[in-house]
Amino acid sequence: MTLAQVAERAVTAAALADDRASLLVHGTDRTGIVAAVASVLTAHDANIVSLDQYSDDPQGGEFFQRTVFHLDNLKVTLPDLEADLAAKLADLGLSYRLNDLSVPKRMAIFASKSDHCLLDLLWRQRNGQLPVTIPMVISNHPDVAEEVRNFGIPFFHVPSPAGPDKSSAEAEHLRLLRGNADFVVLARYMQILSGDFIAGVGMPVINIHHSFLPAFIGAGPYAKAKERGVKLVGATAHYVTEDLDEGPIIEQDVVRVNHADTVADLQRRGADVERAVLSRAVQWHSEDRVVRRGNSTVVFV
Amino acid sequence: MTLAQVAERAVTAAALADDRASLLVHGTDRTGIVAAVASVLTAHDANIVSLDQYSDDPQGGEFFQRTVFHLDNLKVTLPDLEADLAAKLADLGLSYRLNDLSVPKRMAIFASKSDHCLLDLLWRQRNGQLPVTIPMVISNHPDVAEEVRNFGIPFFHVPSPAGPDKSSAEAEHLRLLRGNADFVVLARYMQILSGDFIAGVGMPVINIHHSFLPAFIGAGPYAKAKERGVKLVGATAHYVTEDLDEGPIIEQDVVRVNHADTVADLQRRGADVERAVLSRAVQWHSEDRVVRRGNSTVVFV
Amino acid sequence: MTLAQVAERAVTAAALADDRASLLVHGTDRTGIVAAVASVLTAHDANIVSLDQYSDDPQGGEFFQRTVFHLDNLKVTLPDLEADLAAKLADLGLSYRLNDLSVPKRMAIFASKSDHCLLDLLWRQRNGQLPVTIPMVISNHPDVAEEVRNFGIPFFHVPSPAGPDKSSAEAEHLRLLRGNADFVVLARYMQILSGDFIAGVGMPVINIHHSFLPAFIGAGPYAKAKERGVKLVGATAHYVTEDLDEGPIIEQDVVRVNHADTVADLQRRGADVERAVLSRAVQWHSEDRVVRRGNSTVVFV
Amino acid sequence: MTLAQVAERAVTAAALADDRASLLVHGTDRTGIVAAVASVLTAHDANIVSLDQYSDDPQGGEFFQRTVFHLDNLKVTLPDLEADLAAKLADLGLSYRLNDLSVPKRMAIFASKSDHCLLDLLWRQRNGQLPVTIPMVISNHPDVAEEVRNFGIPFFHVPSPAGPDKSSAEAEHLRLLRGNADFVVLARYMQILSGDFIAGVGMPVINIHHSFLPAFIGAGPYAKAKERGVKLVGATAHYVTEDLDEGPIIEQDVVRVNHADTVADLQRRGADVERAVLSRAVQWHSEDRVVRRGNSTVVFV
């Protein structure tokens, strides 16, 4: 059995769930939403496995609900259930996302030279911890090609042009991604994406920033952290928007450092936090646990 | 304004919630429970504020649900809602607990000489963080009397008899507690309660054990931890059962220690964890977030 | 035995150490410093109990060393040892601080209305965990007077004048502090100290800021944290300088929050971190474990 | 440049330090040890880069000291320094270990089927974070052969015989290890080593146990943890002795779990802690920061 075969088997076995679907409902709160959703599910003999609900204000605030349900012969029976659900939720003025949890999302990864976040994602996917497939890794450097291909995953080298105009490289990125990916992860990709790319890519893009945002926005956060003398360094996974380092935060964490740590030490300790934070954000996104709420997120975990 | 008045105002303002109730439902899982509960709530114009649900197996496993809902004029309208709910849940073979969240639970505290857990509970209650009143503190030593009374709370000294027979002291405990408390917290109370007392007290009893159970069961856990050379020490809050240190765990946490820490240092560092763990367990219990499940707990946080 | 007597006994028993002294040495690194210091200590029959040393660059960088030693009849014999040490360190161009660890530092506390940091310091001092005495608590509000005096500690109410000119209140602060305190702790004191006061007070001032600096500098950090959607909130203890929120950081920590937490929840969770961070910073400062290094600190723990 | 070349360059660049040595001194405490060691170093123009010292009792307890020093032309000059040091420490009745920090230790890894700890060690070594070389990976299963060899590291498959007598496999282990390794790491190696092997291998052996020892000693700790309803699961790295799960603990850590986590979830969350704990233990051991003290350890970090 090759490593690629191992990977396939593992995904089937662990992170994916046959005959289960997740439903995210979002909109203006009002009395009766939970009952309305549950009654549709019950009418189709769907059994609720887990339900999380959050309203920021029971008097007309925003309503968020994530429901996972089990349904026999889901692939056959889900369309009927969805039709009823869509009608009911339209009446209530609510939007929804419905996902068959036996179908992995397709995650494209962008990387540069450092491989700590990349390797952690490749390993977790192969090990069956993430309900995703990885159709490709794209990099502006060739350094990680061998490592990626050892996991049985295609690697594409798209060099970054010298000048400020990245449009030719980004056009190549879009050709590669379109139709082949459901979301993009920037695993310490050291290039800034243009507003045109973000507007045009048509899928969520998740970035890992190497600081506890909003502290140390911009380049060189570990050097800034050393300069300021902080006692913790951190990392932040967020959705990418046109405002650099300002997108909705999905997950953050920190690790303790001290006066004796050099900038290189902070980078090394920070790298462990970066990979942990990014892996959790990817897991939650791919399990449909994250809903944007203005410039922040609701995460049901 | 006296400190006692400050305390009363704070409780009203913060931890308690007018016109809100919590509902815990527990039993064998089957399709339609969420819908059934939600339909009763909707029929009474109750709006669900938060809902957490957990099934250990969607095919006939155990079902747990905690729902908080808002209902206008709750004190007037809750009885009607409860009548409908009780009928519906009886049909489904489920048990439930329904609590008016504007009514604080009455928490009796047992203490001995050390005051770190005691003081933290007294302060959090006065500060409005816990939805409880404290009708009394009972101790087998007089040391903390002044401190307790400074908080405006009655203190009763019930000495522990020298021999193994604690029945006279426990009879006094029961006389003090009956009708006056909804649950008991052992805040580093250094006496073992008899099986008769536990069977007869008729209310939940929460204990804080000074180790990460099941490590270091019994007396002297910090000395044992030093002897074994562990790198973390911890604390465990659990419901008290007749099997010492074996009751259902509500909450645990740890703190890092090292070779240079003496047993006294472990005690000091452990004390900070003990008070934090006990406070969280008390908070969750008093907000009705904890359901026993065999010898473990489901905690909705 | 009154509570004040309990407190006195506890300090004597635990945090203070007879016949021990701490020595901090600081200056430009060169070969032989450790040997020079150790040889003086050996010549006086002092036994080193612990030694921590840090050089930021062995080729002419900055050198920091903290040594704790035991010396029989310390109060009698320390002056001779210090004379030899002063001569030797002057030869090497190094500065030093030498402290008799049986003598508690005198800590004045400034507070306003909230009492979580204040109470934690009062309790830890009474419990013998901090090698300090508390000569006074000063507040711009009378709210915590009773609580402070219950601990047997003097309370002074110095109202803050309405306008921007705080000079009369600060003059009163200086009259109270001078000769009576070794350092000041701002335990959530909600007034900005003037540059004149900081320049003139002549002792270190430690503040607790309710954010993970440098994130959310200035007022209202929890509201800013909610707005930005961070997943952790924190606290920072630092020495006060004329640049608000920019002084050398002593300690920081964070706690996890989520989308469902309101600003009030962030404040409550943050308060637990604030008191823990401030207590650690006070402990390390009072045990002479902290050395300023430009705008950061070296902390030997 | 191949990955193996990348690895070699990284080790040279980062974790190893030219012209630096570490010195561990251990024995009965007495006045003057620090001065004696420092005077030898100074006499040879060695500059102390860091020094950590610990005495469990200044009146005749055990003394531990770790010193890192810089010495020009270390490879040429260290023998003379060591001769003086050995003489001086023999006079004081102390033992020592002296290590040239430019020379990596040789770490042999034993693994079975799961690869999370293994991959983390391989990656950290290649990335230059660990001052080690990896001469071989030995496994009782062939599953990880390709993965190991992709890192340019020899893989040896030594099947485990069916019966209780493992002596033929262990003889093969000893043939492979002798002369080729300085220490062994059991990276989730699912075989028990015999007392004969441990007594005969002649080098330290580090194991990662998948629980917070001493809780859940023996097989199946995650199933036991689920059964007991704990709220944290952990991992423990320790030196292997003849008493299974009883050797000196080097490092431990935990992660939070809850009622909804299945045994498989505990294993997955625990795996992240296992690899983190083992990596830290390996780092500290390979940097000569760990000294055994009876059945516990002193770790200078």
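Labels A, B, C and D are assigned to the chains in the order they are written; within every chain, residues are numbered from 1.
In this section, contacts are C-beta pairs under 8 Å (C-beta built on N, C-alpha and C of every residue); 3 or more make two chains touch, one makes a residue touch a chain.
No experiment lies behind these values; they were computed from the predicted model shown.
Within the contact network of the assembly, the step distance from subunit B to subunit C comes to 1.
Ranking all chains by how far their C-alpha centres lie from the centre of subunit D, first place goes to B. Centres computed as Cα averages put subunit A at a distance of 42 Å from subunit C.
Separating the CA-averaged centres of subunit A and subunit B is a span of 37 Å.
Annotation for subunit A: residues touching 2 or more other chains are 50, 54, 260. Chain contact summary for the complex, subunit B toward subunit A: residues 29-35, 38-39, 41-42, 45-55, 58, 65, 70.
By the touch criterion given at the top, residues 3, 6, 14, 50, 115-116, 119, 123, 127, 129, 143, 146-147, 150, 260, 264, 268, 272, 276 of subunit B touch subunit C in their complex.
For subunit D in complex with subunit B, the touching residues are 54, 212-216, 228-232, 234, 248-254, 258-260, 293, 295-299.
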